[in-house]
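Below, chain A partners chain B and then partners chain C, in two separate complexes.
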Partner chain A sequence: MLFNSVTFLVFFLPLSLLIYYLLGHLQMSAAKLWLVAVSFLFYGWWNPQFLILLIISILFNYTFGYLIQIFKERRRISTFLLVIGLIANLGALFYYKYLLTLMDWFHFLGLTHGQSWGSIVLPLGISFFTFTQIGFLIDVQSGNAEERGFLEYVLFVTFFPHLIAGPILHHREIMPQFVKKETYLINWNNVIVGISIFILGLGKKVLIADQIAPVANDIFKHTADKHAVEAWTGVLCYSLQLYFDFAGYSEMALGLARMFNVTFPANFDSPFKSKSIIDFWNRWHISLTRYFTLYLYNPLSLGIMRRRTAKGLPPLRAGETTWKDFFIVLALPTSYTMILMGIWHGAGFQFFLFGLLNAVYLCVNHAWRLFGPKAPKIPFSRLRSWFEGVWRWALTYLSVVIALIFFRAKSTPDAFSLIGSLFGGGTGDSPGGNQGVVEAILDYFGVAVPYWNYSNSLITVGVLLIFILVLPNVLQLFEKEESSLTKIRSTPAFFSFEWRPNILWGFFLAVLALADLLMVTGTTEFLYFKL
Partner chain B sequence: MRSYWITFTLVFTVGLASAWVWGLDHRLDYLSKDYALLAGKDRLIDNYSKPGLAIFGDSAVMDGIQPERLGSGEINCAMNGSTPIESYFLIKRLMRAPVHPQAVIISYGIYHFVHPDFYWENSVKFGLVSGSDADEVLKNIIRLKDKELISDSGFGDLEQWIHSFLLSRGFPAYYVSSFLAESFGARKKENEEALAVIAKTRGQYYFPLADGSKSLNADTKLKAFVVSPVINYYFRKTLDLLKTENIPVYFYVMPINESSVPHLDPGVVKAYQDYLKGLVQEYPQFYILSKFRTVYSWKLFSDHAHLNEKGTLRFNREFAAILNKANVPGRPYGVAVR
Partner chain C sequence: MNRSEILERLQKILRQVVGDDQLVINNNTTADEVTGWDSFNHINLIMGVEMEFSIRFNVAELENLKNVGGFVALIEKHLSNKK
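Moving on to the complex of A and B:
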């Protein structure tokens, strides 16, 4: 089921919330069971047969977590159990997500002949619920997680606001919330805050992301015949579509959880305000970055550091580090983590390149910090600081936009073809559109230009970027309400204000909710559902 | 907190109710022309007072049969993209009129016995099928497991119930795309013009006219004739209803473009003819008017299925002769033309 469907908004959500609190006042375990039931219904709505896969996955991982805990004193056995658990989880993920692509590659390389591999339907959210549970198993084995009740575990995995597209939860922050009695008793403040956050998220999805999607879709469908202006319009639109789509989804998840008295970690903290790629990855899909840092980057990086410390070598410091040390201690774990993160997003080679490109960005950023010029002792003038900020922001944003081409393109050649079009390599054969505002302005100044398709969308891009840059994000709007478990990194917005439960906000959000509901079609899926 | 809650609830509720009421009340202002054509047919049925031929069918019929060339009491109630499901509900309404037609003509191409392509998008959304009727149709869709009209994955039935219920009750979210499709007011003018045309022609409405077309008829897409169970159910229900009312039903297949003929699957055509012949044997008041199927030059078509002005002129002359030859009650037809 989709958060932006009429069925969800008009029936599923009100009914599930109402019965949850009614049961919560009678008996906590009944409310828990109800929440599990509606979560399964939510998941199975799309295709009930994948409920079986979800249930098997939960039973398997819970059993293995339990066994690992029983044998936690016997390291060899618990490690063996963990390895089995990892193989089973990754095996299932590999089968559903990567097997067909791999077979296609084998076929392309001439290793297989004339076989039809059929089709495998990717179960919704498999990457999310698999990774959530892998993290749990690793933590149980390393003694960082304790077994709680089965129902709490099932809720941790299946709680419908995060089940399909995250945020990727950590058991330590969520399972304790399902144990508390007050979670099941109505708290009007949480309900109102949750509804308000949900409305803002839904607005981002249906009023913004869905409206600019056709431009991005067209450009990525026909990558080679675009004029450079059209190509830039398309990729900029896509970057904003993805942001508003996924940030919108994450905020809806945050708001929904809050309606049920559960607080989630945030997934976005104004990533397009970032002035460096390191900062960007700390603010974009935060729960994923945290997961990969915790379970992939840290183990490798800490291992390397421990070896260095054992050899008496110092940690990396600006001005004292050699390039060799930089590659071993920083570039290697970063590249390994980012490439795997790229592949996690999808099976094509373009996702590998997406990860690799981001690894290169991060390494360059880290190298600049270690080997680049030191900050001047006398601070820059205000104007120069401002220009410096603009330049760093633009470089970061454009780097992200280029990387996202690999994320969205159907194939690697398509991605390179579009990058070529961005720099004038396109044929420019696509039929021209009507005169837009941009052409009219250029015409007025005597500059003759062809009529580009979607040129008015450039203005939309500009408006949306200003919207992102000057307004507070949801975390800032609801800072006093502690809307998420994530610490806000963003500096206060240019126009800084906060949500308040007053008439003005009541009016504004009612109008927005109405606009959201009227624009809901339930036919547009969220971009991250393909993971 | 209380003031926030009250403001939010009040503004949202009043806003939604206003949008809902306004949307239902002003459909002619923002829905596509198909709605205006339907509204025009509604008026023809509501004001039906002179017994004659009542004609039902798909867009080829709406475009091709000109009641004013046949006689004075004829009406053309054919609808774009419709199937026998829609004609059943229109005929049911016509039976409530103070007078009944002398005979009913039904005409659908092969494709519209197989694919009910506009049932949700037009018939339910535009109110041709009312809320309670839509509930009844959905019950039959589910009972007959008609995959043409319902998805067989997931908890599809429940989703479909909700969709059908809200769509047939005019839930505004389903109408906003129509509202935003063109600038405000543009559709109103076009729709009022279409209504006037329908009133004047008693239901005939041309598709965009062209001097000829070699486009292939939708029937050429079919590789097998598998009648949709729900369409079959409502077609039979129509025949039952008209049998009860003692009104003869004549089936006619509209002419086909000569360029489409080589692409028709002979097996499909035979199965279609067999299906109709079976119904003739089952229903004594059901007749097939002519052999399948008159072939016209491509020059007489505007597109894949619709006749142009020259085509309709020729067709209505021939059609009147067919009606007269078959002794269809109410003859002679086409006197004004001759």
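Moving on to the complex of A and C:
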């Protein structure tokens, strides 16, 4: 079931909410059980056979979490159990997600012969629920999660707002909410805040992302030999499609959870406002960055640092770092983390390159901080710092746009041919599409400019970017309502305002909801569902 | 060593790590508020603190830190365990 389908909006959500609160007022555990039941229904709607996999995964991880907890004092046994748990989880993920691609590769390289390997259907959300539970096992072993009962655990993993595409939750931030009695009693403020956030998220998905999708899809269908204008239009549209699709999804998740009195961590904090790549990764898919930093980057980086310190070498400091230190202490763990992050998104080689490219970006960013010119003692003039800001923003955004080509392209050669087109590699035929506004005006004056029929899409890109840059994001709009568990990084927007439970907002959201409903088709999937 | 002394020494280390001699922090300061206090410099800071106070953290403890105050409390806990 999709958040943007009629079944979900008209039947599933209202009914599950209503019965949840009816049961909650009678018997807390009945409401929990109901929530688990509807979550299973939600998941099983696509393909009931994957429910079995989900249930096996939950039973396995709960048992291992329990055992690890029992043997907590005996480090060796608990570590051994953790390793077995990790191997099993990653093994399942590998089987469903990577095996076929790998076999195709081997076949391509001539290492295997014979028939094709059949097909393995990727179970929905497997990357997410596997990662959530791996995090749980690590947390139990390190004493950061405590077992709280089986039903609560099942709820933590399956709670339908996050099950398919995150945000990736930590056990310790969610479990306390599921054991509280108030969670199961109706709180009208939370319901209203939840619905408001949900309407805004749904709007991002159906009114923006789905509308610019065709332009983006077109360009990635045939990447070769595109005219530069066409190629740029396509990749810019794609960056915004992905942004609004995933931001919309994440806000819907945030809003849905809130309707059930549960607060999630945020996934987005205006990433396209970032003025550096380091900043970007702290604002884009925040729960994923947090996950990789915690479980991969920190342990590795700390391990390397400890070895240095044991040899008597000092920590790295701006101005006194050598390139050798830089590569060992920074570039190595960063590349390792980002490449794995890339592969997590998909099985093709292009995802490896997506991770690698981002690793390179991050290393350049860090290198500039360590080796680049120091910030002057006297601050720049206002004009100069404004230009500085624009330049940093543009460089960051364009770097992201280029990286996202690897994220979206069907294959690595496709990605490179599109990049070739961006820089004038293609001749392109006369592009199709409707006559744009600018072309129409120029036409009226008898001026014919080729490729201006993309002007509508380009104007849309411009308008959307301006929206992103000057308006407050959802976290800021609902700051007083503590819409998420995540601390807001964005500075106040140019036009700064907040959501209020008043008539004006009510009217605006009602109109938006109506528009959302009219555009809801339920046929467009979310881009992150393919993970 | 009391908390304000720990905070003072922590501030000294953080100033070196992020390269800002003027930086002033208090218990409510968070990493997001300090320019340059990113995931990489966080590790640097932890190493600096471990050397300064001759203590050793484990990775798990560092996950739950919310602000400078929490960090100071963690250092204090390790110092008292050492005695």
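Definition applied: the second predicted complex is superposed on the first by the 509 of 531 C-alpha atoms of A that agree within 3 Å, B and C clash if a C-alpha of one lies under 4 Å from a C-alpha of the other, contacts with A are read in each partner's own complex, and residues count from 1 in each chain.
Note that in this section contacts are C-beta pairs under 8 Å (C-beta built on N, C-alpha and C of every residue); 3 or more make two chains touch, one makes a residue touch a chain.
Small disclaimer: the values here were computed from a predicted structure and weren't measured.
Participant: Using the superposition on chain A, tell me whether chain B and chain C clash or fit.
Facilitator: Aligned on chain A, chain B and chain C fit with no clash.
Participant: Using the superposed model, measure off the angle between the directions from the CA centre of chain A to chain B and to chain C, in steps of 10°.
Facilitator: 170
Participant: Kindly classify A:Tyr98 by the partners it touches after superposition: chain B alone (first), chain C alone (second), both, or neither?
Facilitator: neither
Participant: So, does A:Asn144 touch the first partner chain B, the second partner chain C, both, or neither?
Facilitator: Touch status of A:Asn144: second partner only.
Participant: Answer with first, second, both or neither: which of chain B and chain C does A:Leu294 touch in the superposed model?
Facilitator: The answer is second: A:Leu294 touches chain C but not chain B.
Participant: Examine A:Ile192 and indicate which partner it touches, taking first as chain B and second as chain C; both and neither are also allowed.
Facilitator: In the superposition, A:Ile192 touches chain B alone.
Participant: Looking at the overlay, what does A:Thr309 touch: chain B (first), chain C (second), both, or neither?
Facilitator: second
Participant: Once superposed, minimum distance in angstrom between C-alpha atoms of chain B and those of chain C?
Facilitator: 33 Å.
Participant: Do any residues of chain A touch both chain B and chain C, and if so, which are they?
Facilitator: No residue sits in both footprints.
Participant: Which bits of chain B are touching chain A when the two form their complex?
Facilitator: The contact residues of chain B facing chain A are 1, 3-12, 15-16, 19, 153-155, 159, 162-163, 166, 171-174, 176-177.
Participant: Under the definition above, what is the set of chain A residues touching chain B in their complex?
Facilitator: Residue positions touching the partner: 6-7, 10-11, 41, 44-48, 188-189, 192, 500-503, 505-507, 509-511, 513-514, 517-521.
Participant: Hey, which residues of chain C end up touching chain A in the complex?
Facilitator: It is residues 16-19, 30, 32, 36, 38-40, 43-44, 46-48, 50-51, 58-60, 62-64 of chain C that touch chain A.
Participant: Going by the contact rule set out above, which residues of chain A touch chain C in the complex?
Facilitator: Touching chain C from chain A are residues 139, 142-144, 172, 278, 282, 293-294, 297-299, 301-302, 305-306, 308-309, 315-319, 330, 334, 366, 369, 374, 487, 489.
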